[in-house]
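We call the chains A, B, C and D, going by the order they appear; numbering starts again at 1 in every chain.
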Amino acid sequence: MNTIGILTSGGDCPGMNAAIRAAVFAAAARGMRIYGIQCGYQGLYDADWEELTPEKVDDIHQRGGTVLRTARFLPFSDAARRKGAIRQCIRNCRKNRDAAGNPNPIEGLVVVGGDGSFRGAFDLTKKNLPCVCLPGTIDNDIACTDETIGYDTCLNAVCAMVDAIADTARSHDRCIIVEVMGNMAGDLTLYAGMAAGAVTVVPEEGYDLPEQGEMSAEEVARFDGGIAQAIAAAKAAGRRSFVVLVAEGFTGKKDKNGRTRYPGGMEALAKRIQQLTGVETRADVLGYVQRGGKPSARDRILAAQMGARAVRLLAENQSNRVVILRGGAVSDLGITRALHMPKKLSAEDIALAKSLRYDSV
Amino acid sequence: MNTIGILTSGGDCPGMNAAIRAAVFAAAARGMRIYGIQCGYQGLYDADWEELTPEKVDDIHQRGGTVLRTARFLPFSDAARRKGAIRQCIRNCRKNRDAAGNPNPIEGLVVVGGDGSFRGAFDLTKKNLPCVCLPGTIDNDIACTDETIGYDTCLNAVCAMVDAIADTARSHDRCIIVEVMGNMAGDLTLYAGMAAGAVTVVPEEGYDLPEQGEMSAEEVARFDGGIAQAIAAAKAAGRRSFVVLVAEGFTGKKDKNGRTRYPGGMEALAKRIQQLTGVETRADVLGYVQRGGKPSARDRILAAQMGARAVRLLAENQSNRVVILRGGAVSDLGITRALHMPKKLSAEDIALAKSLRYDSV
Amino acid sequence: MNTIGILTSGGDCPGMNAAIRAAVFAAAARGMRIYGIQCGYQGLYDADWEELTPEKVDDIHQRGGTVLRTARFLPFSDAARRKGAIRQCIRNCRKNRDAAGNPNPIEGLVVVGGDGSFRGAFDLTKKNLPCVCLPGTIDNDIACTDETIGYDTCLNAVCAMVDAIADTARSHDRCIIVEVMGNMAGDLTLYAGMAAGAVTVVPEEGYDLPEQGEMSAEEVARFDGGIAQAIAAAKAAGRRSFVVLVAEGFTGKKDKNGRTRYPGGMEALAKRIQQLTGVETRADVLGYVQRGGKPSARDRILAAQMGARAVRLLAENQSNRVVILRGGAVSDLGITRALHMPKKLSAEDIALAKSLRYDSV
Amino acid sequence: MNTIGILTSGGDCPGMNAAIRAAVFAAAARGMRIYGIQCGYQGLYDADWEELTPEKVDDIHQRGGTVLRTARFLPFSDAARRKGAIRQCIRNCRKNRDAAGNPNPIEGLVVVGGDGSFRGAFDLTKKNLPCVCLPGTIDNDIACTDETIGYDTCLNAVCAMVDAIADTARSHDRCIIVEVMGNMAGDLTLYAGMAAGAVTVVPEEGYDLPEQGEMSAEEVARFDGGIAQAIAAAKAAGRRSFVVLVAEGFTGKKDKNGRTRYPGGMEALAKRIQQLTGVETRADVLGYVQRGGKPSARDRILAAQMGARAVRLLAENQSNRVVILRGGAVSDLGITRALHMPKKLSAEDIALAKSLRYDSV
């Protein structure tokens, strides 16, 4: 394999640039050429790419987001258009020419993104464009890897923000309920809560959440009741301020009718908790500030290890693989298997987080 | 004057603890006693205080919020109850006894807070409890001082968050509209925008904003139009991502009917801008993370200078003063005069911020 | 087991407080009492301790260092005095009384520290004071665990500082050689270098380092030559500024005659490199700023998991254990076995770090 | 004036890039062209420059250091060569041609740097190349301005590092003596100490410091004695750990014989203080980490205001000016006058810093 491409897909995350840099250096070290494809699969479809060299990417690893940009590519999620779109992508790769005008087909692809992005890679591999995927998302919601690129940076950001919010909660004797990113995965919420000593509610605690529409009245009552009980216990133990972290799967994700699972979202939740507990309560959505920013050392290192491995796998003609962190070490796994693993959250750590809260003792 | 009190009032801000610490050290250096009053004027009304010593406050200056806590004290804003409440506060101060049970009246008061808090201090001074006020709020919305304690820390926080958000905007070719704190003052919005190169909209640009209810359709059209025009110009100049900062006075402050001045608040604004510009647009409210956190060096220094000056003024039997930063130096001013100064925002800096944006060249 | 103690020993590190907090909460959850012992084994010898409660430690996890303080305890490293000292420690634990004056012997001990501290725990266990150890050091130089408490925070700090130093190196077309902590372990140096794209030199690359005195002239020549070659290669590839990280084992640790292994330490090294490369070169020792500061989310989580596990092990009457992170999960190991494992650094990662540098392509 | 140049000179500092960006945007807004000159006056001598546009500099304001690089230019400090060098610089500016090959002389110059750099600007102005200077240095050692670009960022960095070091000092019951940058100006030391509550020693306290060679034995004794006394007083007041900040003018600046003013520098100082106080004492030199890093919001704003003003002054045919911050507002001053102002440090603030320390009460 002489020439490969790399693209970033799905939501951006810190560390994507470090992965790109590592792939470019690894390719150069093997004498391979590497093209940076713009805007995810859209750029593959539009043949929008340029050759990358160590010089061009030497300083990007410190920066958040992705210099290759990222976008949703609708044809891949539309059964009627998918086949044609894949063909077009493959054709573009085959027809590639270098700066001098010589044929220089792109023979393999590194895809950095969430598991939605892995499906596109799987389809391309089937049509003979070998792909290797890297898990890149702040949400840590990819089952096959213990950790995704971007997660550690985001966890630090959320933890620091919860520390700051706790200053205000304490100064005003208030409860502040904070919505934390993570989609349907509670990792960010749970572990930021464990790090900060905050009350947490995550989908993995056994909530029966609808795909569309609102939670049942029973689920809402259970949800509210859990928080209210924690606050009551902490109050009884002498606390006057409270920080509660809620995973965005409950309050932040809207269905096509604009409804969140928790009826009314964060504002409604804060009102209900205030009624139930008698504590002045405010809602706070952390939002985009969780996603950007300089990657942590750990994310840069993970990205470097994973980016280099992806290039090695392609160089060794292995494909249809996802690079993962498992058991403390970087390895890899077939995409199909990766996509069929159930995402879990440690029940032991859910219990541990609870036991570190002031209301539990 | 042998014994004084100190309280923090209004919204908490970083640097309040540094001001408390400085006042305690300054009092100790003069052989004065100082009591820390809990929860603002509420604690004065409830005689909820304890003596502070350098030992007790030695490490608090690094922490956000206020160790004395803060609260709204409703009787002071209720004409019917104010008089009685003030009398009660004064009586409590006179009746204070030290730990040994000896009479130890509180003879003066340092008040750290916003200009709402200054009015209470003015009333207490009139009833012979000498007060000196320090401006403490992240909003920088106190006319008499060039800078309030807490503003610099918050400005740094907002600026860093806008940098992070710009990473995501760039990665996705999006416009992200960010609501920044500051109440009706555009300082945080304008200067964070100048520091980060973002588009800004502040009330001081001549918007005719209603006290209650929504902006007129003309004002809304002008508001939307200004943002859309900036984006169109930047697009024409080759940019694909945009960050717009909007002061919370437009979208974040609700009247008693729950209406924001900009109809529908941030979500509605993002939708409108997307329609007008054709650029995918998202809304983001920074929220509480702007308020807490470690104070910056500048805020700690300002708080130290102001806290020490307040104690000196009381020791010299000056009262009814606000300590201010004016012309680069700390000085002081009568409360009455301070409360009657109009708050301004530099027109020159509004123009400068505009000229540093990509759409302006 | 009804009552246990906890102490921190060796150099302080971020996360020690989070471990203490977790142990206190875990003890409370099991109805056990826990005493905080001051200044490491010194406090055990002096019976200098006080009972800890969740209330007392609720806010300590955000702070660097250790609220229990730490110190070297000489009698434990002095064969003549060790036996007596251990007996005294054991006796103090047995004689402990609670606040009400009732007998309340300390029956087990949690020790947070480096592997020097583990030896003391081993001796105490042999004399029937069951001990469980947690690895706490920024150096990550404990063989039995993949990661120590404090390492992740320090790695982030070093990485951020190297980013900042690179700004200055670039602005001045200079080489800056940076001494990084880690004792004889190259972990901090290697991984910070990998994260930042800097040249690194670590003891684990096969240097034959003397316990006392200076490296041989051959080793010095090899050392200098490696750095000079990397700079020459990067220069040839078009770079004008260079950052080199050197593990403190070479230049920062002095023998009893005040000699560092690299003759003359950092200043001499910078001069030599300037002579060899013709590039203006400066030396920079990061120093203490690597050790303090707020623990990262990861360190707080690891500390929480380890602290809770230590208490569980004691409650289950297991002792003489070290809690470790191995294969991505927290588990535990016998102290004897832990102390006999050889410390390694991944040869693959040493090669990877090299390949990510500009001089290697 | 149609075309100007900009260069950065002297030590790099955070905010230089924000000043460059502002100058480029300001020039573009006036329809002027602006050239970025590499490596300070060296690039003027070598005609090493390229045209800058808003597009090229749009993202640089977030980054530390200077994208134009900086260097010492020896001919300007060598009487024999200065005249010829200035003539060569002027000639290069006159002969400049644009990308299309048309004559495009550089008619004015913005110089960002310390007061050494101002002298070169003064000489160029005399030879009819109008210059306007901006004060850019972390040291805040330029008499004519209340604040230099870079100072606020550095002050925050030093303050945060002192906080971290205090964690370690407290954990080990130690004294840590920290050398802080600032050349012969004590601003960074004094105000970081005021912000952090540390003991400080600055040249402005009346030390009689030699240009070359070591302080007299009497000065050394006075120096040591001041620190020892502060520690003794704090010890008496119950403290067990101490952080002392010393300005680098004493211990860090070497004369041509390699001697620091304080004999033996930081290591010797730490030993002496340990002897005098009986407290275990360590030395720590903060070093380069003080200089790089993202500029603070305040530094970016100051740089923007100053950069825009410099271009306006040139556009209005004013020259030989230094842009300054005075009395809280940006204005400007003749270079000659600027160079003859004596640098002072507020005696009131020296006293205030002392009074906020634990040893003073």
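In this text, a contact is a pair of C-beta atoms (placed from the backbone, for glycine too) under 8 Å apart; a residue touches a chain by one contact, two chains touch by 3 or more.
Everything quoted here is computed from the prediction, not taken from an experiment.
Chemist: Between chain B and chain C, how many steps is the shortest route if every step has to go to a touching chain?
Modeler: Minimum number of steps from chain B to chain C: 2.
Chemist: Among all chains, whose Cα centre is located farthest from the one for chain D?
Modeler: A
Chemist: Just curious, how far off is chain C from chain A if you go by their C-alpha centres, in Å?
Modeler: It comes to 31 Å between the two C-alpha centres.
Chemist: Find the geometric centre of each of chain C and chain D from their Cα atoms only, then give the gap between the two centres in Å, rounded to an integer.
Modeler: The mean C-alpha positions of chain C and chain D differ by 35 Å.
Chemist: Mind pulling the chain D residues that touch 2 or more other chains?
Modeler: 160, 163
Chemist: For each chain, which other chains does it touch, given as pairs?
Modeler: Those chain pairs which touch are A-B, A-C, B-D, C-D.
Chemist: Where on chain C is chain D touching in the complex?
Modeler: Touch residues, chain C against chain D: 8, 12, 14, 16, 39, 63-66, 69-71, 160-161, 163-168, 170-173, 176, 282, 284-289, 291-293.
Chemist: Across the complex, what residues on chain A touch chain C?
Modeler: Of all residues in chain A, those touching chain C are 18, 21-22, 25-26, 28-29, 54-55, 58, 61-62, 146, 152, 155-156, 158-160, 163, 191-192, 194-197, 237-238, 294, 296-298, 300-301, 304-305, 308, 325-329, 349, 352, 355-356, 358, 360-361.
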